[in-house]
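Look for chain A in each of the two complexes below; its partner is chain B in the first and chain C in the second.
This part shows the complex of A and B:
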C-alpha cells in the first residue's frame, strides 16, 4: 500500500468514526419516533429545522409587522407604541382619486405605487423580450457560445449596489457617457436629472443586471424542446417566424411563466440598484414602493414605523395576489397543453 | 467530576465575558468626517496609559450606523457606553446624567453651559455630554475662479442675490455647469430662510406654519435652480430627505460658490490641496440678517452603560480644556468650550494657507447668527422641519409640485410628525 493510499484510508477511518458514533446515538430516538409517527413523522422531523428557520425569520416578523401596522408613535418597540387599529391603513388609502397622487393624504406612497406600477409593466415586458431574444441567440451554434453565456450571466453575480454605482458613474453629469458624447462633439446631458431618462436608466439597468438569470431559465427550456419537431418543420418548409410562434413559444410557455412570475415579483420589490443609481429622483420620479417603505420606516427624519409596516403589508398583499394570478394562468396553460 | 466542574466553570466564564462588559471597559461608538477618529484614538491611548484600570474601545462606524442603527439599539436599552451623535436632542431620553458622577460639574456648566440644553430633555439640568465640535453653516468661494473671470468677490454684507449674480458671471466666463450649490439638506437652507425673516418655532414651542421668510428664500432657490444657476444634480437627483453634499463639485472646480458649513474645511483642504485658492465667506445676507445655523456633533454618555463611573472619568478627561484645545487644533473643528474660545490662540494644525483664515471667518460668523437660528439646535422638531423642507422643495425643483402645494405639504408633513410623536 502506498503512502497516499494509507493516508486516504486513515483519513476515511478518522472521519467515519465520529459519524458512526453520531449515527448510533441518534438512531435510538429516531427509531422510536418512526415507530410512533410513521413515515409522515420522519418527514416532519427532517423538515423541522428548515421550518423553524422559516418561522423565525419570515413568519414571526410578518406577524409582528401586522401588529406594528396597527400602532402609532415614534418608538420602535411594540410595548411602547399606541394601538390605533386600522388608522395607518386609512391614512394610506385616504385619496381624492387613486389616479392622482396629489389628491392623496400620503401622496408619496401613491406616487411610489404609480411609479412601481409603470416600472413593473415596462421592466417585466422588456425583461421577458430581451431574455427570450438572448436565450434564442445563445441556443444557436455561434462561435464562443460558452463565453457569451458567461458574459450575459456575469451581471447577475454583481452586488446590486455595485451595479447601481457602476451605472451612476457612467450616467452622471461628469460620467463616462457624457465624456464619450463630448468627445464626439455632442452636448453633454444631465441624464439622471431628467425624468424620462432617469426612468429609462432604472429600467435598463435592472434588465441588464438580472436578464442573465432569466435567460438561463429560458435556455434550459429551449434545450428541452425535442429537435425532431424543428427538423419536421424545416422539412415542411415552415418559415422561422412560424416555427417560433407555433413550436418554440408554446413549448417554452412553462419556463416563460416562471420567468414572468419571478420577474414580476422582483420588479415590485425593486430597490437597491435604483436607490443607488437615482436615489428615487429626479424629484420622486423613480421612488418605488420598497424605497418609500425604507425611507418612512428607517431613513427619513420623518420616520413612521407604523405607516411603513402598513405600506409593506399592502405591498405584500399585492404580491400575493399577483403570484396567485400568475400561478392560476400557469395551471390553466398546463391543462390546456395537456388536453391538446 | 472535578474535571467536568472545571470545564463548566470555564464555559460559564466565557459566556459571561461575551455577553456583558467587565468593570473598566468603556466602548465608544464614533464616526468620522475627517481625521478626528485618529486624533481621538491618540488622546484615548494617553488616557489609558494614565488609567490602566480603564480600557476604552473606539468603534469607528459609518455615519449611517449612528443615524439608523444606534436609535434602534438605544430603544432596546442596548448600545455603547458613549457615542458621538448629531441627532442630539431627539434621543436625549437615552443619555446618562453625568452630573453626580463628574469630578467638577461646575467646570462643565461654566464651559459647556451654552450647549448643554441641546442634549438634554426640555427643562432638565442634566449634564449628558459635550459638543466635540461646533459647526456653523456658511459659504465657500473659489478665489482662483473669481480672479480668472475678473469678477470681484462680494464683500462682508453681500446678499444672496449679490453672491449668486457674481458667481453666475464667473460660471459664464469660465464655462462652468452652474454658479453655485447648496447641500441637499433642510438644515443648510435654514440659515438663509432665517436671514429672510423665517421663524420655524411657534409661540408654544411647536412647529409654526411655513412663513414669508421661508417662502422668500425658497422661492428664490427654486427660481435659481430653474434658471440653471444652482446645480440641479444636488437637490433634484434624489427623493425624500436623502442627504447629498455638493462638496465634490466645489473640489472639482465645477461651481465657484458653495454653501455648506465649517465641518467642510478639513475636507476641502485635503481634497483641493494647492489646486486653487478658496475662502470661507460666511453666510450671505437676506432682509433680516446674515445668519447661518449652528450645530455639530456631541459626545454623549448612554444611560444603559454598566460602568457609569468609568464613563464619567473618560468624559471628564475628553472635556478637559487642554484636550479639547488639542482635539480642535488637530481636527480643524471649532471648539464648543468657552474657556478655549475666550483664550483664543488656537494653532490650527495645517500647512494649507486657506485653512486658518477660513476657520477664523467661521468663528467670526458664529457671533452673527440670528436668535431664530440659535433656537434651532435645542429644538426637538428641527429635524422634522428640515426633512419636510428638503423633501417638498426638491419636488418643486423637479416640477412635481408648485410652491403653494409645497407649503401645504410641508405643514402637513410636520403636523403628522408632531401628531405621531404624541
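This part shows the complex of A and C:
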C-alpha cells in the first residue's frame, strides 16, 4: 500500500469511525423507543427533526405573517406591536391612479410594482426566446454536445453576488464594454447610471445567469420528441420552418409552459443579482418588489415591518396564482404524456 | 492541412453544410465567449494593480510597473521611459510628482534631478501578476473570517439537510401512517413560499428563538428543504420493501434499517442533494444579509456586497475576493456538473 493510499484510508476511517460509533450509540435508546411505541412511533421519530425545523422556520412565519401585516410600529416582536386591522393594506392600495406611482400614498411600492411588471414581461420573453434557440441548437447533431450544454450552464451555478459584481465590473466606466465601444470608435459611457441601460443590464444579466437552467429543461423536452416524426416529415420534403411550427413547438409545449411559468415565478422575486449590480438605481429605476420588502422591512431608516409584511403577502398571492397555474400546466402536460 | 480542415468541418451523418449549421456554430461560439468571457475578464482584472484598473482603455493582460532601488532613497522607485527634450529616450525613476511635472533621477546617476512633464513619459511595464490583491485582503480585511463563516455555514447546513431530509424521506416513503399524504402535501406546498414572502416574520421568529446574529440563525431556517425531501423520497420509493422486511426478520431495529440499508442505497440521490445544497448555501445572500448584523459573522457573499457598496470601492481587492468566492462553484462545475444537469433534467428542480 502506498503512503498516499494509506493516508486516505486512515483519514476515511478517522472520519467514518466516530459517525458509525454515534449511529450505534443512538441505536440503543431508539430500540427501546421502538419497543414502546411500535413503528408508528418510529415514523414520528424520523419525521420529527425535519418537521420541527420546517414548522418553526416555514409554517409559523407563514401564519404570523398575516398577523404581522395587521399591526404597525417598528418593533419586530408581535406582542410589542399595535393592532391596526387592514390599515397597512389600505395604505399600500391608496392610489389616485394605479398607473401612476406618483399619485399613490406608498409611491415606492407602486414604483416597485411597475418596475417588476415591466421586468417580468421583458425578462421572461427574452429568457424564453434565448433558451429555445439554444436548446434547438444543442439538439442538433453537433460535435461535443455535453460540452456545449455545460458552457451555457456555467453561470447558473455562480452566486448572484458574484454575477452582479462581474457585470458591474464590465459595465463600469473603465470596463470591458467601454473598451469594446472605444475600439469601435465610440465614446465610453456610464451604463449603470442611465435609467434605460440599467434596466437593460438587469434584464440581460439575469437572463445570462439563468438561461442555462431553462435550456436544460427544454433540451430534455426536445430529446423526448420521437425521431421518426422528423424522419417522416423529411421524407415528405417538409420545410424546416414548417417542421418547427407543426412538430417541434406543439410537442415541446408542456416543457415550454413549465419553463415560462417557472421563469415568471422567479422573475417576480428578482433581487440578489440586480441589487448587487445596480442597488435599485439609478434613482428607483431598477427597484423591484423583493428589494422594496427588504428595505422597508429592515434597511430603511423609516422602517415599517408591517407594511413590508403586507407587501410580501400581496406578492405571495401573485406567486400562489402562478404556482397553481404551474400545477395546472404540469397536470395537462402529464395527461398529454400519458396519451402518447 | 486539408485533412485537418475536413476533419473539423465533417458532420455527423456525412451530409453537407447548410446555412443553419453556420448559424448554430456562430451561436455556440458566441455563447462560449459570453458565458465564460466575463469570468475570464474578472480573473485577468483581479491580477491588475489599482493604477492599472483605473486606466482607460483597459489592457487585456495584467502588467506591473517596474521598480528599482536607487541609492539615497529608502523605497523602491517606479521606472518610466522618458522622452527627453533632445529627442532621445531614457529610463528614469520618479522621486516625486508636483502637478504635471515629475522630478526624476537616473538610477545610474542618483544625484542629478531631472524635471519632466508627465506627458512625455510612460511607465516601464512588463506582464506580471499583482498577487498582493489576493494576499492583502487576508491581512487587512476580515476576508479569512468571512471565508471561514461561509465554509462553516455551507458544511453544517449541508450535513443537517442530508440527515433531516433523508430521515423524513425515509418515514414518508417506507411507513404507512395517518396524515402521511397531508404531510407530503404540506412539504411540497411550501415550495411556493419563497424566502421573500416570509422575510419579516421569519426574522422575528429567528430573533424570538435567540438565533439573531449567529451563524446558526443563517443555517437552521434553510435546512428543511422541500426539494430535498421530495427528491430523496422519490428515490427511496424505488428501494424494494422486501429488503427492509428481510432485515426486520434478522432483528434489525428501524434505525439500523435506515442507517445501514436505506441510506447507503440512496447514496446517488444523497450525492445530488449534497451538491445542490453546497451550491445553494454557498450562494445564499438575502437571508444572511438580513439576519447577520455583526460584521465578524458575515458570510463571503454579504462581506463582498458590503465592500462593493462602500463609497470608495477598492476594486483590486474586490475582484480578487470575487474570484476566491467563485472557486468552490467552479470546482463543482468542473467535476460534478453532469450530476446537476441530470438532476435538473430528471426532476426539474433547482
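Everything below uses one rule, namely that the second predicted complex is superposed on the first by the 265 of 340 C-alpha atoms of A that agree within 3 Å, B and C clash if a C-alpha of one lies under 4 Å from a C-alpha of the other, contacts with A are read in each partner's own complex, and residues count from 1 in each chain.
Methods note: contacts are C-beta pairs under 8 Å (C-beta built on N, C-alpha and C of every residue); 3 or more make two chains touch, one makes a residue touch a chain.
What you see is a predicted model; the values in this text were computed from it and never measured.
Once the two complexes are overlaid on the shared chain, A:287 sits against chain B while remaining clear of chain C. Of the two partner chains, both chain B and chain C are touched by A:298.
Of the two partner chains placed around the shared chain by superposition, chain B is the only one that A:73 touches, whereas chain C remains out of contact. Contacts of A:213 after superposition on the shared chain: chain C is touched, whereas chain B is not.
In the superposed pair of complexes, A:237 makes contact with neither chain B nor chain C.
By the document's definition of touching, of the two partners only chain C reaches A:50; chain B does not. Of the two partner chains placed by superposition, A:18 touches none, neither chain B nor chain C. Of the two partner chains placed by the overlay, chain B and chain C both lie in contact with A:174. Once the two complexes are overlaid on the shared chain, A:190 sits against chain B while remaining clear of chain C.
Put simply, more of the residues of chain A are touched by C, taking chain B and chain C as the two choices.
Residue overlap on chain A between its contacts with chain B in one complex and with chain C in the other: 76-77, 173-174, 279, 298.
Chain C contributes residues 11-13, 20-21, 23-24, 27-28, 31-32, 34-36, 38-39, 41-42, 45, 53-58, 163-165, 167-168, 170-172, 175, 177, 183, 186-187, 190-194, 196-209, 220-221, 223-224, 229, 253-256, 258-259, 279, 282-283, 285-286, 289-290, 301, 304-305, 308-309, 315, 318-319, 322, 325-326, 329, 332-333, 337-338, 340-341, 344-345, 348, 350 to its touches with chain A in the complex.
Interface of chain B with chain A (complex): residues 67-68, 71-72, 75-76, 177, 232-233, 236-242, 244, 252, 254, 383-384, 386-388, 391, 394-395, 397-401, 405, 409, 413, 416-417, 420-421. Those residues of chain A whose C-beta lies close enough to touch chain C in the complex are 23, 26-27, 30-31, 34, 39-40, 42-44, 46-47, 49-51, 53-54, 56-62, 64-65, 68, 76-78, 133-134, 137, 140-143, 146, 148-162, 165-170, 173-176, 178-179, 182-183, 188, 208, 212-213, 216-217, 219-220, 240, 258, 262, 265, 269, 271-272, 275-276, 279, 289-290, 293-294, 297-298, 305, 308-309, 312-313, 315-316, 319-320, 323.
Interface residues of chain A, counted against chain B in their complex, comprise 72-77, 80, 102, 107-108, 111, 172-174, 190, 192-193, 195, 198, 278-287, 291, 295, 298-302, 304, 306.
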